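Presented below are the structures under discussion, each in the form of structure tokens.
Next, two complexes with subunit A in common: one pairs it with subunit B, the other with subunit C.
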Partner chain A sequence: MNIIVLIKQVVDVELNIRVKDGALVEDGLNYVISSWDEIAIETALQIVESVGDGEVTLVTIGPDQAAEALRKGLAMGAHKAIHVSDAGFDGSDSFAYAKAFAKILGDRDCDLIIAGKQAQDTDAGLTAGMLAEFMDLPQATNVTKLGQIAADKLTLHRGGDNGSEVIELSLPAVLTVNDSLYEARLASLRGIMQAKKKPLETLDLAGSGVDAATVGIAGRQTVIDQLVEPEARQAGQKFEGDEEETTKQVLDLLVNEAKIFA
Partner chain B sequence: MTKILVVAEVKDSEIKKPTLELLSYANSLSLETDAVLIGDGVSGQADVLAGYGAKKVYVADDPSLGLYSTSAYTSVVADAASQSGASQIWLTSSETGKDLTPRIAARLGVGAITDITKLEVNGDNIKASRPAMATKVIQECSFTQGGVRVLSVRGGALDVIPADAASADAVSLSIPEKDLRAAIKEVVSEAGGEIDLNEANIIVSVGRGVKGPEGVDLVKPLAQAIGAGFGASRAVCDAGWMPHSSQVGQTGKVVAPAVYFAIGISGAIQHLAGMSGSKLIVAVNKDPDAPIFKVADYGIVGDLFKVVPILIEEVQKIKG
Partner chain C sequence: MNPILMMLMLILSLGAFSYFAYMKVTILRLAGPENRLDQIPERIKQLINIGFKQKKLIGRKHERSSGAMHSFIFWGFLVLGLRSTILIGEGFIHGFQEYIPFLNSHSLGGYLYTLLKDVFEGVVLCMILFAFYRRIILKPGRLHNSFEGFLVLAFIGSLMLTDFLYDGAKFNLITIYQHDLAYLHSEVYGTEMTWAPLASIFAFLISGFGETANWGLFFFGYWIHVGILLIFLPFLPGSKHMHVISALPNVFLGSLGYPHTPVALLDCENEEAWENESLGVTRIEHLSWKQVLDLYTCTECGRCKDVCPTYVSYKPLTLKDMNDSLKHYLEEEVQHLRKHGKSSDDKQLVGDVIHPDTLWACTTCRACEEVCPVSIEHVPRIIAMRQAQTLLYEANPAEINTAYKGLERNANPWGIGYDKRGDWAKDLNIPLMQDMDGKEIDVLMWVGCAGSFDDRNQKVARATAQILQKAGVKFAILGSEEKCTGDFARRSGNEMLFQMLASENVETLNNYKVKKIVTQCPHCLNALKNEYPQLDGNYEVYHHSQFISQLITEKKIEVQPEAEGKVTFHDPCYLGRYNKEYDAPRKLLDAATKEKNVEMARSRQEGFCCGAGGARMWLEETIGTRINEERVTQAMEAGASTVATGCPFCMTMISDGIVATGNEEKMQSKDISELVLESLKD
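== the complex of A and B ==
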């Protein structure tokens, strides 16, 4: 069972994020593996461990520093990594990245492609589904539970609108994972040492085989024109003291001011 | 020429509210609009879509489409898009919409913008605002090339404008073959018969402050008394006190009801990202410094085990 995990290094959204002149203020930002992608790595490791053979390969397209994210995934237990890094990708949107991944993964021997349900920085949730379509693979997104795992088939649950959709998925296929699926393991010290020796292949645009016209500004279909800060919600009224009294005060406002039961 | 195709969603033989929001918005802009209706026994809903302004309704009604399937639904929408000649395809950012949107866009060879909370449409020029980074920033996005515009809009972002009765100009679509590579076996409902969080006008959610399943049982009658959807924070779902399908937050359901009651929820970023679009927020928490109070319109600093029974009693009186 050979599994490819798509990972993305993103801005740590737990920290303070500021916007100036339509862009992020870089000062003070920290970069981490998108948390759903850590779950994707965990999922791949669990499947390989369950089947008893196979390899987990991490793939990212990103700047030089994204190698840190790959090393971290290798320390968790992934077997090898591919880092595609080139300024030519700058400005790409999900469509361009999905096209690029389809090209990069097209010739590789792989039974399963796994990604997080969305990246924590854009929250767009497009790349994996587009990739599945470009590669003509079946997909299951927002996977919340794995059932039977076989070399050619997975039974799984996906979080759907009306409950858990139980799907029998033939491999090869594309999965995106929800964070209720697993908790990502922490890298052990031994894992961190071993990760330094694991193969990490670095490719530039030409080496990746991706046509330069299909990525970056030329290849994208959508653009983020600017970032703005969300309108801050005004903190409203706070009621402290005897619960009997405060609860009735708030209820009165809900009924007479907000008219929520009208 | 600008023409919209709205991908309709149905639950329990009714068109879902976010679909009506899309149609209402297109109609309010006097945009020519068609709809595509997919499911089992859904044909009767075509008139509802027509009432909300759909000129033509493309219908794929078949037992094989009763459960959502990526492959079959993608084929049906692509077929409808081609027959209608739509220049834009609008979906809702439900779990179905999230699965379907990238697939349809890729099939048509175009990009997509998802989870939009503010949409400006000028012909086929789109200016879309969408929250990102756990709602810490808003991205203003647009399309850069020609081709069909594929987009999804978050439920609650637009208003429903009441419809007139109408009868649909319905067109039957052919039914795609069953996808054997991703076979949908069944849908296991974890919270059967309850109000869908994406649909709910009012939501009552519980956090770690309820302390356990007994606390959940204490608050649930409040949701029932109000007629509200019943949600939870991630901590509550991870602890197994409520099913994961109830989780509100960046990683669960993103909701924007008229009123959101946060009961015993401290207000982690992850949770705020899922509910800060609510029109009115009411919070109950015993910690006066809980972050939830920074977004709450009305905050009660106090013991939820005292507050909730009073709320239930008073709401029952009001509702008579």
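== the complex of A and C ==
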């Protein structure tokens, strides 16, 4: 079973994200693998380990530093990685990335393509879905549990708003995974040492075979209008003392200040 | 007496002893290397204090009686060793003692020694009787009664009795029956009999048996005494009483200065070590020769078990048993080891010999090492085994991985954004090192992860900073440039992560040319002070209790007792046993509290761990009872209404323990800096 995992390197969202003049302040930021993509890597490794053969290939489109994310994924246990890096991708949106991935993955032999259900930075959750459409593959999004794995089909659970669906999917297919599926393993020291020797292929736009007109500003379908910092949340109000008294106060504030019935 | 018989016995005994001892030495030579022959004068001092003065036995408040018992038997051995040599000499030469300078009939020394020997034989005999009473009637929990234990007691007791019989019969044969036997006598000092009151009492008791019986007892006493002695000798190397031979060397070779050798700075990327699976300890032969000597020196006295917080809370770790398991496994593997230079693959060291739950139960509190009378170093070998589990096999408890990930990404175990590390100090006007532009500071305040991110411990960091400010100390913090010191990563065997964090911290500190550091976290203190020198980070590091108490001495701040109620101090292991500071925090409490402070039954050197050391802070405590609740119960028993601490982990554990035992109405936990701040005069 050969699996391709799409990963994205994102800003560590634990950090203070600052915006200045409509742009992200990069100073002091750290970049990590988007956490759902870590689950995707874990899922791929679990499947390959349980089937007992196959390879996990990581693919990312991103700047030079995204290679770190790939190395980390290799250290977790993935077998090889493809890094597509070119300034021509700057300004791409999910649509453009999906197109590009379709091109890059088009003639590669694989049984499964797995990605996180969304990326931790934009939270869009569109790329993998569109990719499945462009590649004309079946897909299951927000996978919460895996069932039986066979050479040509897979059963799985996917979470929805009103419960979960159990689906049988023919392979090859595209999956996006939820974080309840697995806990991502840590890159071990052995893994880190081995990762240095694993193949990491770097491609530029030309090398990747992607048409320059389909990516970057030229290929995008959406435009970021403005980038602003969310307002800091106001501190809550604490009511202490007699229950009857405070209940009245709270109700009064809810009705007259917050105007919840207005 | 009988030179031929004596020669035969000596040859047999010494021959057998040499053979058994040699076999043991060859095992030591199969083990790993370690340098323990440096700083000889310091080692001699250690030998005198712990060895000859029996500091860990008679010097312990708990168990003073059994400590005294052992000490007197030990001192008895020293005194009576000479007597035994004289008796063996007597086997060859009639009147042997007359040929020894200063011990013959013409020297006062001979008579004084006779008196000393006589008294000590009596004392040792009493101690042996007490030992029997203790083992049979009192049955202390830490001991398990073995045949060997009783046999050795019987041996020693018989040695004393037979010597008394021999002396008593000899005295009778000389004084009553006028036989020409060798004894000390001179005109100046009188006779041996007058210098041996106890032997004379024995003489009186057997005087009525008649001449033949006295001859019989004379020979019986002599040959049985010498016989037991010569059987005892070769018996030692193969038994737990090996300590009679190896305890003093083991104490001499024990770690100096810092309580034990710092954790080895592993070369984590050494390909060969990976291939041989020899990062840390994975096989019994990876123990150093000193660690093997530790195994053999253990007398199974069980003091380590008695003081271990994991034993008290019903966890599978008892250090004594761990030592025993390792020793027996080594014995099993000796043949294979000799033949192939390595142990067999029949058993996994961790898994089959030592259960993983046992290995991971340890809080590295060092209580076991502090009480061990023969200086056995338990913690380093536990950490070395954990290193292999974590680095080579990724077999560390999974729940710690989240904390590791936090360290990797944001240099703190919670994984909170590293850029928020200085946020606690935002309203306090504490300068950051990066804004100092090379301006001199008195001291760098090292805040630590808990002080930076944990709500409760932020208050401690604030209190400490405010005291420094009131004292007019010029200090700064590193803010977002500070990273976890890596202490818990190291204790859990993740040497890679420790080295990564430590070398980054050392680089930052050295760039700013930091010389002096104050920290309110003893784990940070220990890493910065004792472990960073391994990575070229050399600083003068103080715990905040030490620094603040200095400020009081220098009259930079004035304290007026404010704190109400009874306060007790809970000694953090990494401040006390690791860094030998017990007085500074108590001095602060004395200054800040109105009532006299109370001590818990287990305090100072024998302080009881809160349960969070050795990376246990980040592991679930699923086996047995909870250590922190046990500690809170101890504080309640001491009658304290406030538990003062000086460690963020202790603070968390004690606070949780107070809530869990339902004592939040009756008890609170405070850091010493908070108590001082409340008592500060303006």
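What we mean here is this: the second predicted complex is superposed on the first by the 238 of 262 C-alpha atoms of A that agree within 3 Å, B and C clash if a C-alpha of one lies under 4 Å from a C-alpha of the other, contacts with A are read in each partner's own complex, and residues count from 1 in each chain.
Here is the rule we use: a contact is a pair of C-beta atoms (placed from the backbone, for glycine too) under 8 Å apart; a residue touches a chain by one contact, two chains touch by 3 or more.
Computed from a predicted model, the values in this text were never measured in an experiment.
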Overlay done on subunit A, so just call it for subunit B and subunit C: clash or fit. fit
Is it subunit B or subunit C that touches the larger share of residues in subunit A? B
Contacts of A:164 with subunit B and subunit C, given as first, second, both or neither: first
In the superposed arrangement, does A:188 touch subunit B (first), subunit C (second), both or neither? second
Check the residue A:14 against both partner chains and state whether it touches subunit B (first), subunit C (second), both, or neither. both
First (subunit B), second (subunit C), both or neither touched by A:90: neither
From subunit A, separation angle of subunit B and subunit C (C-alpha centres, steps of 10 degrees): 110
One more residue to check, A:178. First (subunit B), second (subunit C), both or neither? first
If we overlay the two complexes on their shared chain A, which of subunit B and subunit C does A:255 touch? Say first, second, both or neither. first
Identify the partner contact of A:28: answer first if only subunit B is touched, second if only subunit C is, both if each is, neither if none is. second
On the A-aligned overlay, A:120 touches which partner chain: subunit B = first, subunit C = second, or both, or neither? first
Between subunit B and subunit C, what is the shortest CA distance in the superposition, whole Å? 6
Subunit A residues contacting subunit B in one complex and subunit C in the other 14
Note: in the complex, subunit A contacts subunit B through residues 11, 13-14, 17, 19, 24, 36, 93-95, 98, 117, 120-134, 138-142, 144, 155, 157-170, 173, 178-180, 220-230, 233, 235-241, 243-244, 246-248, 250-251, 253-255, 258, 260-261
Would you pull the subunit B residues touching subunit A in the complex into a rising list? 9, 11, 67-68, 70-71, 74, 94-96, 98-99, 101-103, 105-107, 110-115, 127, 129-145, 147, 179-192, 196, 198, 202, 226, 237-238, 244-245, 247, 250-251, 258-259, 269, 276, 280-282, 288, 293-303, 306-307, 310-311, 314-315, 318-319
Subunit C residues touching subunit A - in the complex, by the definition given at the top: 268-269, 274, 391-392, 394, 398, 401, 404-405, 408-410, 415-420, 480, 496
Can you tell me which positions in subunit A touch subunit C when the two form their complex? 12, 14-16, 28, 30, 32, 183, 185-186, 188-190, 192-193
